[in-house]
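The two complexes that follow have subunit A in common; it is paired with subunit B in the first and with subunit C in the second.
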Partner chain A sequence: MNSMKTVAVIFGSRSAEHDVSIVTALASVIKPLELSGQYQVEAVYIAKDGRWFWDDKLKDISLYQSGEIDDFMRKAPDVHLSFKDGLTLVKSSQFAGRKQYKKVDIVFPATHGTYGEDGSLMGLLEMADVPYVGCGLSASTICMDKVLTKQVAASAGIASTPWIWCTSAEFSANPKTILDRIKPLKYPLFVKPAHLGSSIGISRVENAKELINALEVAAHYDDKIIIEQGVKNLIEVTLPIIGNDTPKVAYLERPMTSSEDFFDFDTKYMQGGEKGKGKSGGAKGAQGYSEIPAKLPKKLQSLAEEVGKQTYSALGCNGIARVDMLIDEKAGKVMLNEVNPLPGGLYAHNWSLAGTSNISLVEQLVQFAEARHQHRQKLATSFSTNYLKQF
Partner chain B sequence: MQIVVDSFMVNYQRIGKGPIIVFVHGWGDNHKTFLQLAQQLSRTHELVLLDLPGFDGQRLPKTWDLADYSEFIASCLKKIDAKTITALIGHSNGGAICISGLASGTLKANKLVLLASSGVRDVNSSKKSTYKVLAKVGKVLSRPLPQRRRQKLRQALYDRIGSDYLLIPELAETFKQITSHDVRSESKKVEVPTLLLYGSDDTATPPEFGEILQQQIPNSELEIVDGADHFLHHSHASYIARRVAAFLGEKQRVS
Partner chain C sequence: MLQSTEYQVRPYLAWFWRTNNFSRVMHRRTLVRTRAAVALLLVLRAGLFVSYITGAWLVIWGLQNSEVTLASLGVTAMVVTPLVLAHLVTLPLLVGRWFIVAPREYAKIRRSARLFASSNATKIAIAGSYGKTSMKEILLTVLAEGKNVAATPANKNVAISHAQFVEKLSGDEEVIIIEFGEGAPGDVVKFTRTTKPDIGVITGLAPAHLDRYKTLQRAGRDIFSLAEALKPSNVYVNHESEDLKKFVRHGYFLYGQDGVAGYRVSNVKNSIQGISFHLKKGTSVYRLHSSLLGEHHIGPLSVAVIIAEKLGLTKNQIEKGISLTKPFEHRMQPFLLNGAWIIDDTYNGNIDGIKAGLSLLKTLAAKRKIYVTPGLVDQARETKRIHHEMGQYIAAADPNQVVLIRNSVTNYILDGLKTANYQGKVTVEHDPLTYYQNLKHFVAAGDIVLLQNDWTDNYN
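Right after this comes the complex of A and B.
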């Protein structure tokens, strides 16, 4: 028992996707890690106000569903982090004020969106020099910024649909200039906050009036906005990928929605894919009703898998990510849409169909984390200089 | 769909084609309360269903009155270019907002439908006063109890009164402001044809409220829906849809 490695699963945080993160952590990470019998799992919950908690009770979904989490947080001690020899969780014990310590061997971030998936948590874990699952600091930051994603991908020769971006401040100060810049794009357009996931704040617009409203909505959520031209003859696909230097793909998955019916937050997480219901050949996944594997011509399928893997590598992804692509079926063209560095529920439903169980998935992800950390340990991070003596 | 109005992010739906009907939901509710009704009415009308601010976690900058809500709705309608409104349909507090908005001219519509509308305030006042005294005494006596337990006791008491005071604690002041606003005098200024529908088993806004408002609104008709409670548009959705369609002068194309 004592030889088991300790994995701290961190979830929640100050994010619009806070609740989605709880479900990912509890159902798709903690449970399979415990079932593997290989790890001692510690649940570390970051509340919406940014406070950290660490307790076995946090593994129970009913704590959140019943609202008892508020009572728990009122009574529970805050968690402190020690970076001595890696990462150690510290909290006051209930007994005589003694402190309780838990040395963490591996961290499994299960946060979505801001203050977690966006690289901020990864920065903290890099400072602690602890192995952690998933994309590193820079890849997370790039993936969580739709503009940076497309800029980096373009530099690697990966195509996207025509797009422009602006800051919310630019739009507020001079909307006409921004509208003029958007003019070369053809309707319908998709207006998105650059940093948010789960389709929050995304609008599909058909005309200039709707465009202004959509820009206001995106600016309400984010300081950076991306405006993308819609794709004709659209097939939308997503590709879950795991691995470090050698990416391994699951099945191409096709959300069963039409372009008029693109995934919004409700469809993704609240309705269980109601909009796609009734169409044949699908399965219920984290994003609702999907076709897995996507029924595509062999050539397009290979091309999409290749674009997915190229994107994964170009952006420096490690461990796990999901690459979303837009396919113009008639033109036979595959374009990058966006990359999700920590897919909701790890896309375990897809991996499971592809032959990787949820338990095997989390075990592999932990192994990738350790391998990356070992590799980084070999890199020189300090140099002897006589700079201070010269000062 | 979303729009930004007066710095609030507003969720709304615009469905169907035809003359425009605007739906105004009640306290602590959202536009989805009308979805059953909307499903049937969207065959003959364009429906605008929107969420009022404050009930979705967004904070109101100040204590709001009915007038603030009706001005907000007017701003939303302007923003989405919904110009000529065939009918306003308000449920509960949404009904009081519609009455206030039409009376002041902030809102304009050809017809009004009130579903279990609130706005009549001082009926059963002696009963409510008794509970208010009980609430104050209980507040002192329950102090030693854990906060969650105290909150549950308070909620139980307010539920007993039939009050939504504690439904959204952040809006307690706005709730007090609104529930002290009686719309009887304003309802006399509502000139458009008005249909009032109340549930016979409604304890939050009993049929008596409907009778009072019907006497005030010049061109109005009242129907008490047998066996229905406060959410008559849920339990009797098909009937309400047919009744509303008939009132709006449409053929009964709804099922």
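Right after this comes the complex of A and C.
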């Protein structure tokens, strides 16, 4: 009898980071989970149009690279979900109308961006009452909204660079008002869609003329825009963190960009992070060329780790996240930039260098998911009243 | 698989009769379409075509004319054709070898004997069941600091390779290093007769090629025929190899981790970056560092120092030469993977080499130590004993995890581990290719992984 637990890895989805999600799922989640020999792994793919599929063939990267995925989706049956006693995947077996069922013990979301990492999927999994890896519904929602992230962090006393925000509708209706509100900020500015990850739609602007264009670009992608003031003497770092109540950090990682550069989508994923390369030594990570661990003064390093952990806890993160920070080297000041609730490739390259193998990383994440679920089971979610009897 | 066994009929047929599932023949390697391979494939396909056409014709004709015997013959012909062709394919190889290749090689080897004899270079021969290539590379690196040196390339170490090697020499070499790759009784005798060496280094004796030698005693006798052809003072023998001690005669120089020829070893420092030590006799001190891994390299490095000294190299040249020695491909070769140190010792195929690797693993500091091996091949009647011992040696090195690549010797190693009450984690992997390809997922910074030996598919 097969006693292995079943882990469903959900990836793809209606997101600009759909393709990044496929790579995260196949290379950094499914492969090590299977190699661990501890789990039966089910691949659940959400297509760009939102259809769900479940098949072992979906574990093969060549299916997506060759374009055969389109043919597969034409022929394959859709997947349905049953919430009876947790989560069960259901699909037609294509023979005599019989259906194939697979009860899922744990879900490993590997979706980036909208309809996945932003809390949508987590809400569904909460409804199904199934353990799942990573941040919960509220933390995911907060982390995926750069405005909410900064508001929550500020309430916990965590510093950020000066910033303002507006809705795309506000900008379209009255751009001058928005530009006036931005005026107190000093150039260079960074204009970002509030909800998108992987640096999509982000612009660095040096003057008012560029600013309008950047706001239009951001408004094209999102209904909420954040405008941040650039940091002087900048060192950009990122800190992968795992854990529930006791966050554990990997190495502080420094993307090898100069102050003039920043990682756009193309640099991060298409050029292997070559932009800005060559300034000093580093390692090629999942998302580019980085210095791991970042060479920082010990005091600054400790401070950054502390800010990272405080942010993780303040935002209610669980399982895994990555906290991006901006450091003013001369002022010795660490500021929160943003939080990624599901880092691309799980930032496994950094965890490996910090002493956690890919297999150990996914095993720990599954354990965190189970621990959180067990804890939540103890919480009362209903209580009896006489309310209905009054009617 | 014929190509994988270098077109040797005997191991190919042995593999053929051992194998139950022919669908995985090209699992780890794919056919390289050389002219010979393409020609053989063509012959095989033509044979299959003719056989099936004939078989089909016999079946149809037999059924139409109620000749059941002929129809059955047709079916039988079609069924047994692959089996017959698998054997017939060796025929052109045997004929070609006996009537074309062998006479040509014989002539070439005879000619090479004259070329070796006429050379004014100092000829150093290296023989032994293991450690030959390492010894050769160390000598080549060190002696090249002061001499014009040539050495047999890679693992080209049989008579015809020696002949091809000597033909390509320019004639102005001052030192020639020749590796003797024994495989069957009498090989070393023949190599010695042909190459006429001045100096001999015997690196060790361990069970290897026992399918041909049958006993270790016979292998030892063959290897020591090199020593018998030389002045004892020109023979260097690794005295750490237990099995060859009985062949040692008075006058040979014995080398090991304690030194050689009156030179004593001290100040040994061992790490993943290499080994450092002093070699001292009286007031003469060599301060040596090599990137080679493991204390078992101290002996060969010391021999290289002594031979270099004998051939007139200066102290500076010798120390520099030793500093230039570095790990050879797949022999105690360290590399970083995901922050972990992997020591690739997959060309190590003998129990003494296994012990040396385990000894290194034991001394190195690491957060987690992982030991990976499929075991050893060619151990003949000694297979069970050697792998049982191997399990015990592994347990003594005390890695955190042992990964065994599943094959016929796995249970013997497991028994050895059990006997030694090994407490670490044991994993048995069924597919070496998958394991090696995914090694990066298993390791992280702070880990040291020692990979020892690799079974090619023809041993499965």
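Convention: the second predicted complex is superposed on the first by the 387 of 391 C-alpha atoms of A that agree within 3 Å, B and C clash if a C-alpha of one lies under 4 Å from a C-alpha of the other, contacts with A are read in each partner's own complex, and residues count from 1 in each chain.
By definition in this document, a contact is a pair of C-beta atoms (placed from the backbone, for glycine too) under 8 Å apart; a residue touches a chain by one contact, two chains touch by 3 or more.
Computed from a predicted structure; not experimentally measured.
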Combined model on subunit A where subunit B meets subunit C, clash or fit: fit
First, second, both or neither for A:Asn213, with subunit B first and subunit C second: first
Partner chain in contact with A:Ser360 - subunit B first, subunit C second, else both or neither: second
Subunit B versus subunit C as contact partner of A:Trp351, first or second or both or neither: second
Partner chain(s) touched by A:Ser82 [first = subunit B, second = subunit C, both, neither]: neither
Subunit B versus subunit C as contact partner of A:Asp71, first or second or both or neither: first
Partner chain in contact with A:Gly201 - subunit B first, subunit C second, else both or neither: first
Where subunit B and subunit C come nearest after superposition, their Cα distance in Å: 30
Contact residues common to both interfaces of subunit A (with subunit B and with subunit C): none
Residues of subunit A defined as touching subunit B within the complex: 70-71, 74, 201, 203, 209, 213, 216-217, 219-221
Complex contact set, residues of subunit B against subunit A: 1-4, 9, 79-81, 146-148
Touching residues (chain side subunit A, partner subunit C) in the complex: 31-32, 35, 349, 351-360
For the subunit C and subunit A complex, residues of the former touching the latter: 338-340, 367, 438, 440-447
